[in-house]
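Each in structure tokens, the structures are laid out below.
You will see subunit A twice below: alongside subunit B first, and alongside subunit C after that.
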Partner chain A sequence: MNFKHKYVFLFPGLFVLIGILIFPIIFTIRLSLSGWNSYTPEMNFIGITNYIRLFTDDPRFWESFFRLSFLSVSTVILQYIIGFALALMVWREIKFKRFFRVIFLIPMMTTPVIMTVIWRTFFHESLGPVNDLLGNIGIGPILWLSDPVIAKFTVIIVEVWQWTPFMFLLLLAGLLSLPKEPFLAAAIDGASSFRKFVYVTFPLMAPISIGAIIIRLIEASKIMDTVFVLTSGGPGTATETSSFYIYIKGLREFQMGYAATLSFTYLVIMIISLTIIAKVLTKLMIKE
Partner chain B sequence: MEKLYKFLKYTFIILWTVFIVAPFLWAVSTSFKDFQSVNSKVTYIPWLDFEPTLEGWRVLVKSPARGGVDIVEPYFNSIFVTCTASLISIILGTLAAYALSRFTFKAGFVRNNDITFFFISQRIMPPIVLSIPFFIFLSTIGLLDSLLGLVVVYIVLLMPIAVWIMVDFFNRVPKELDETALIDGCNPYQAFYKVVLPNSIPGLIVAGMFCIIFGWIDFFFAFILTFTEVQLLPVKVVALNSSITPWWSLSASALISVAPLIIVAFVVERYLSKGNLSGALK
Partner chain C sequence: MKIIKTCLTAIISSVMIFSPMAYADKWSDQFPHIKATGDIPGECSYESMSKKNYKGKTLKINTHAVPVMGEPTALHAEQFAKLTGAKVDVTHTPAGDLYAKAMVPFQAGQAPYDIVFGFSNFINDWRRYLEPVPKKYVEMKQMQDVTPSHIGIASWDGVMYQFPVDGDRHYLKYRKDVIDNPKYQKKYKADTGKELRVPRTWKEYGEMAAYFNDWDWDGDGEKEYGSAEVMKKDDLMYAAFYSRSAAYSKNPKTPGGFFFDLKTMKPLINNPGFVEALTDWVEATKYVPPGGINFGLGDEIGSFGGGQTLFSFSWDDAFVAAMQPDSPINNKVGAAQLPGAMKVWNRESNSWDEGFNQAPFFVWGWAVGVAKKSKEKEMAFDYLCFFANEANHQADIGIGRFGVNPFREADFKADVWTQIGWDKDIAQSYVDTLAEMEKSKNRVFPLRVPGTFEFNAALATAAAKALAGQLSPQAALDEAAKQWEDILNRVGKDNVRKAYAVGVAMEDNKL
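Showing the complex of A and B:
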């Protein structure tokens, strides 16, 4: 089956996407070589000055990048463990199976920023219910949003709440599509639930797990909404992620040129590191 | 041993359910409070802890001139942008996915998988990277602060999702189906339209739901690319947050904003239980 028609199917989508994206990408690269800011809002050419500044004189960007790596990797690991556990629990028959499945899915359907607004009142240090309830049993008050270390964990809690459902959905869909035969064979051999999981379920789920983890890592690397509303990067820069830092440089301080440099570098790092992670995960989880 | 395992399992499920439901319960309770019951001490149960009032909900439909929030217009804006962008993404994405699943493409070193990867990899793009050039681009062509501008941007967000789901789905639809149609004298378009498409409804529904979810929950682009003319729901609700904090109307507007998509959770579950999703999401 080989027609010219095939292009009629492919090209509209492909060209719309390229058409919308090509300008921003070329523009970002060009902008990154300029000194566009609020004093000189023009596309002059200053060579790689911005890149030199980034690599020699901007620890704040690299700190924000490591913070982002920490936040996204730790949330995704937590989401994977909890999501997998939940999926296993409602995979086979249990009471109220469908009810729990719906409940476990709900957070991913809700708008992150809007739920974060609620979480902010939830974790409010004097008027929120968490500190109030903890206070009743003699703990606290915990500085959920104003302590630099705890604020990171608050962000992680909210991200785990928001996105574990997505992991759960991908893994449960995977579990439900597994062939029955290996499980029957294991049952005939009299394998315990634990051994069944280690030798049958987990290896069969490896490709799906890798897919789910990578999809989540991609999405988690864009953490921004939660931070924006919950802590605005604070206290200080304690929860500032790369995106948020670029946002401050570009759209608050209007150093467009430098922000474009940051954006482009960030994008390149993102693509390289996600490719490496995908390769490593595949090696680790799929044993021939 | 089995008993202990069962006990732990149910404990975990119940704890997780409480964790998921807690912010909703808190928001429902808060939405009926007034200044006194938010600011004096932490209150939980209406009538018992505080006297409930409907003020938080009434404010939502009042016009801004009379001290209201007017959430109705942003609501329709959000629905319009999400649905339009989803529809365009699904149409273009499905066509492209069908091509990538059925035909072979070769251009230099580029093969089908590379093209598919190109589509999907657009999700890697951090919104901030796109938002600065889009900001300048849209202001040049006069589409800043307009619904159309947002639709254009959202297509970039949503088409990768449509392609991702539909390529996998079409790979599972037997090739014999369209081959038979071609032998029966259909041209490729008829084969696609009359035979393949009707057999792809579950995949289309899943793709549609995902596009709607990811369109509806986006905040960042709407925040950067619109100001006063056009406002989307998330931006409106977050704007409430930044002024002095009327927690009651904030909670009410938050609840009403997330309500419609919760229905999607039920639809997803139904497809999951019928086994239709397993193929579409792998």
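Showing the complex of A and C:
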């Protein structure tokens, strides 16, 4: 029988895939080879000039990338630890379990930009309530947003607050789906809670943990709204991340061609680094 | 018969005498925004606009977020719609995105907006996509009163592309109740050996700000601070830096460029004048309120306008906000020109010229144009003309949050301001300050060249690094100058030189 007509059914999906994924990537690559900006509004061809500029004359991009790595890795580690602890807490039979489950999810349900505006108000060094409260007990004022080091931790605090519930949700779903038998066996053997966690819960949760960490790393590496609203990348460039830098180059300075170069390079780096991270995590967390 | 004649004459005379008032009442009843003046006759008055019929037509406007400029745009759009029958769609956009929101469709050959608001320094990038202001508007009465500086800012090579709706400059605002207070004058003299007065130089500004920092000098139970300044990167902070640099770097003896040497196009922003200004600014981080290094324009307006600091300098908005009837420091503020310096860098002799120097900075402000591809150009220009008509303008300039500031000769009369409740001496000092700036022959105008955004962003990033302690002032400005060289090479020196020459001619009083 001739089943060639089956390919016809693939076309709609293929067209959608080309439209929403392949075309933008190809367009970005083409744009990255042009000098499109406010004074040259055309898709001219300048070869790899933008790439040479990026690799030889733009330390700010690389600084922002390493800053992003620090911020995303540290926030995801904290989110994982706190999210796991909270998930374990409400996994057990405790009072008001349902209430706590909803409460823990609230930060994730709020709009990031609006919550960041509220956090910015909290952390406002002279008018915000945080320094006011700390002042009552003789601490501060702490320069939450204007000290280059502290500002990074302020960004981490806001990110952890906002996105730990996501980690909590994934890990709680994982915990609820675990088989009961290994836990019963451990209980019969008289294993302590700690040993149960180390030898049963954690290994069983490893595949879900890796998935959750990778998803959050992908999301965290796109951090933009928190930085934009909270610090605008400042003080100086102390909290500037790759996506914020690309936004500045593209939509503030209107260097469209160069911003496309940054975006494509960033995409390649992220694909490579996340693949490596996933493999390393699998090796570390999943024992055959 | 004589009695009837006399009565008729009296009635006719009364009608003639009081008709403008009746006229005014008619429109101010419907539009309370102009209740103080009523309608003022003119080509774009309420009366004139009511005779236009734009029923069935839609005008699309992209403006800034509410309230600054966004609120008056929306208000006048609503009034315009009522008067002419037009439908007016107003889109509000954050300041940082105004440029791109217009530029993307401009470059794609589209006109999603008939009218686009932005900053006056966009003019060089935008002008090829904007319709020049038609002759009939340029020659009308309300335009004749616009100051030559602001006509220059709205124009390029003699062609007006931006319809003047706002006038901007940076100047000093200070707490009059402190600086003029004999008790504090005596205390300051005793503690420092110096006079407490409106600072003449940035050094004096710094000394006074440091002295009045971090203690409760107005007795409200809260600590006050020395100065509120726009120091947040990407939030117009480069304008604040240029203001601080002008006195040290704009030397009237060396015409031919403030930002670049027009002959060689060598960036001047890392010369000792600019470095001195940045060094002062780094010092200023010690006398701003906690978190002041992250203050954007809104924070600066709120901080000074809320009575938190002794000094501030930037656009008019903070001053007008401080003078609003509900402000805690209403009638307690004064205006003066930007401080000067006791030396100015001479790039020709490569040395400092000693002596007092002052240079007002005519910073960019709100600007608006009509898209060349708009299908409703006539209606668009009528709207802008209506926006800036005399009645609207007088009402708008008295509302701090509107961001509409003086740009007409008539605005420089103290009466305009005393009518809205300002003390006479404050109003006088305000209008004198603005008028003196107009008269100055050592002015600095904003950079308006291809790639303006790149130049300013590079400078802002470098200055922000210095303020955050990441780099020394010299290293930061060297980095900025290097980036300016790179931008020049990308854009083309001759392209930049050609555009920069227009601004330099204004600075050198040749236009």
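Going forward, the second predicted complex is superposed on the first by the 272 of 288 C-alpha atoms of A that agree within 3 Å, B and C clash if a C-alpha of one lies under 4 Å from a C-alpha of the other, contacts with A are read in each partner's own complex, and residues count from 1 in each chain.
To be clear about the criterion, a residue touches a chain if its C-beta (ideal position, glycine included) is under 8 Å from a C-beta of that chain, and two chains touch if they have at least 3 such contacts.
In this text the structure is predicted, and so the values were computed from the model without any measurement.
Enquirer: Thinking of the overlay built on chain A, is A:33 touched by subunit B (first), by subunit C (second), by both, or by neither?
Expert: A:33 sits against neither subunit B nor subunit C.
Enquirer: Just subunit B (first), just subunit C (second), both, or neither: which does A:205 touch?
Expert: neither
Enquirer: Just checking: does A:143 make contact with subunit B only, subunit C only, both, or neither of them? Give me first, second, both or neither.
Expert: In the superposition, A:143 contacts subunit C only.
Enquirer: Would you check which partner chain A:263 touches, where first means subunit B only, second means subunit C only, and both and neither mean what they say?
Expert: first
Enquirer: Please work out whether A:89 is in contact with subunit B alone, subunit C alone, both, or neither, and reply first, second, both or neither.
Expert: first
Enquirer: Looking at A:12, would you say it contacts subunit B, subunit C, both, or neither? Reply first, second, both or neither.
Expert: first
Enquirer: Thinking of the overlay built on chain A, is A:112 touched by subunit B (first), by subunit C (second), by both, or by neither?
Expert: first
Enquirer: Name the chain, either subunit B or subunit C, that contacts more residues of subunit A.
Expert: Touching more residues of subunit A than the other partner does is B.
Enquirer: Counting only touches as set out at the top, which of subunit B and subunit C does A:57 meet: first, second, both, neither?
Expert: The answer is second: A:57 touches subunit C but not subunit B.
Enquirer: A:234 in the overlay: touching subunit B, subunit C, both, or neither? Say first, second, both or neither.
Expert: It touches subunit C, and subunit B stays clear.
Enquirer: Of the residues on subunit A, which ones does subunit B touch that subunit C also touches?
Expert: On subunit A, the residues that contact subunit B in one structure and subunit C in the other are 251.
Enquirer: Would you tell me which residues of subunit A are touching subunit B in their complex?
Expert: It is residues 1-3, 5-10, 12-14, 16-17, 20-21, 23-25, 27-28, 31, 82, 85-86, 89-90, 94, 98, 100-115, 117-122, 127-129, 132, 161, 169-170, 172-174, 176-177, 193, 208, 211, 215, 218-219, 221-222, 224-225, 228-229, 242-243, 246-247, 250-251, 256, 259-260, 263-264, 266-267, 270-271, 274 of subunit A that touch subunit B.
Enquirer: Quick check: in the complex, which residue numbers of subunit A touch subunit C?
Expert: Residues in contact with subunit C: 35, 37-39, 41, 57, 60, 124-126, 131, 141, 143-146, 148, 231-238, 248, 251-255.
Enquirer: Which part of subunit C faces subunit A closely enough to touch in the complex?
Expert: Within the complex, subunit C touches subunit A at residues 96-97, 99-100, 103, 106-107, 125, 225, 232-235, 289-294, 296, 303, 308, 450-451, 453-454, 457, 461, 464-471, 486, 490-491, 495.
Enquirer: Give every residue of subunit B touching subunit A within the complex, in rising order.
Expert: Residue positions touching the partner: 5, 9, 12-13, 16-17, 19-23, 26-27, 30, 38-39, 41-42, 44, 92-93, 95-96, 98-100, 102-105, 115, 119, 121-137, 152-153, 155-156, 159, 163, 179, 182, 187-189, 192, 213, 216-217, 219-220, 224, 233-234, 237-238, 240-241, 245, 247, 250-251, 254, 257-258, 261-262, 264-266, 268-269, 272-273, 275, 277-282.
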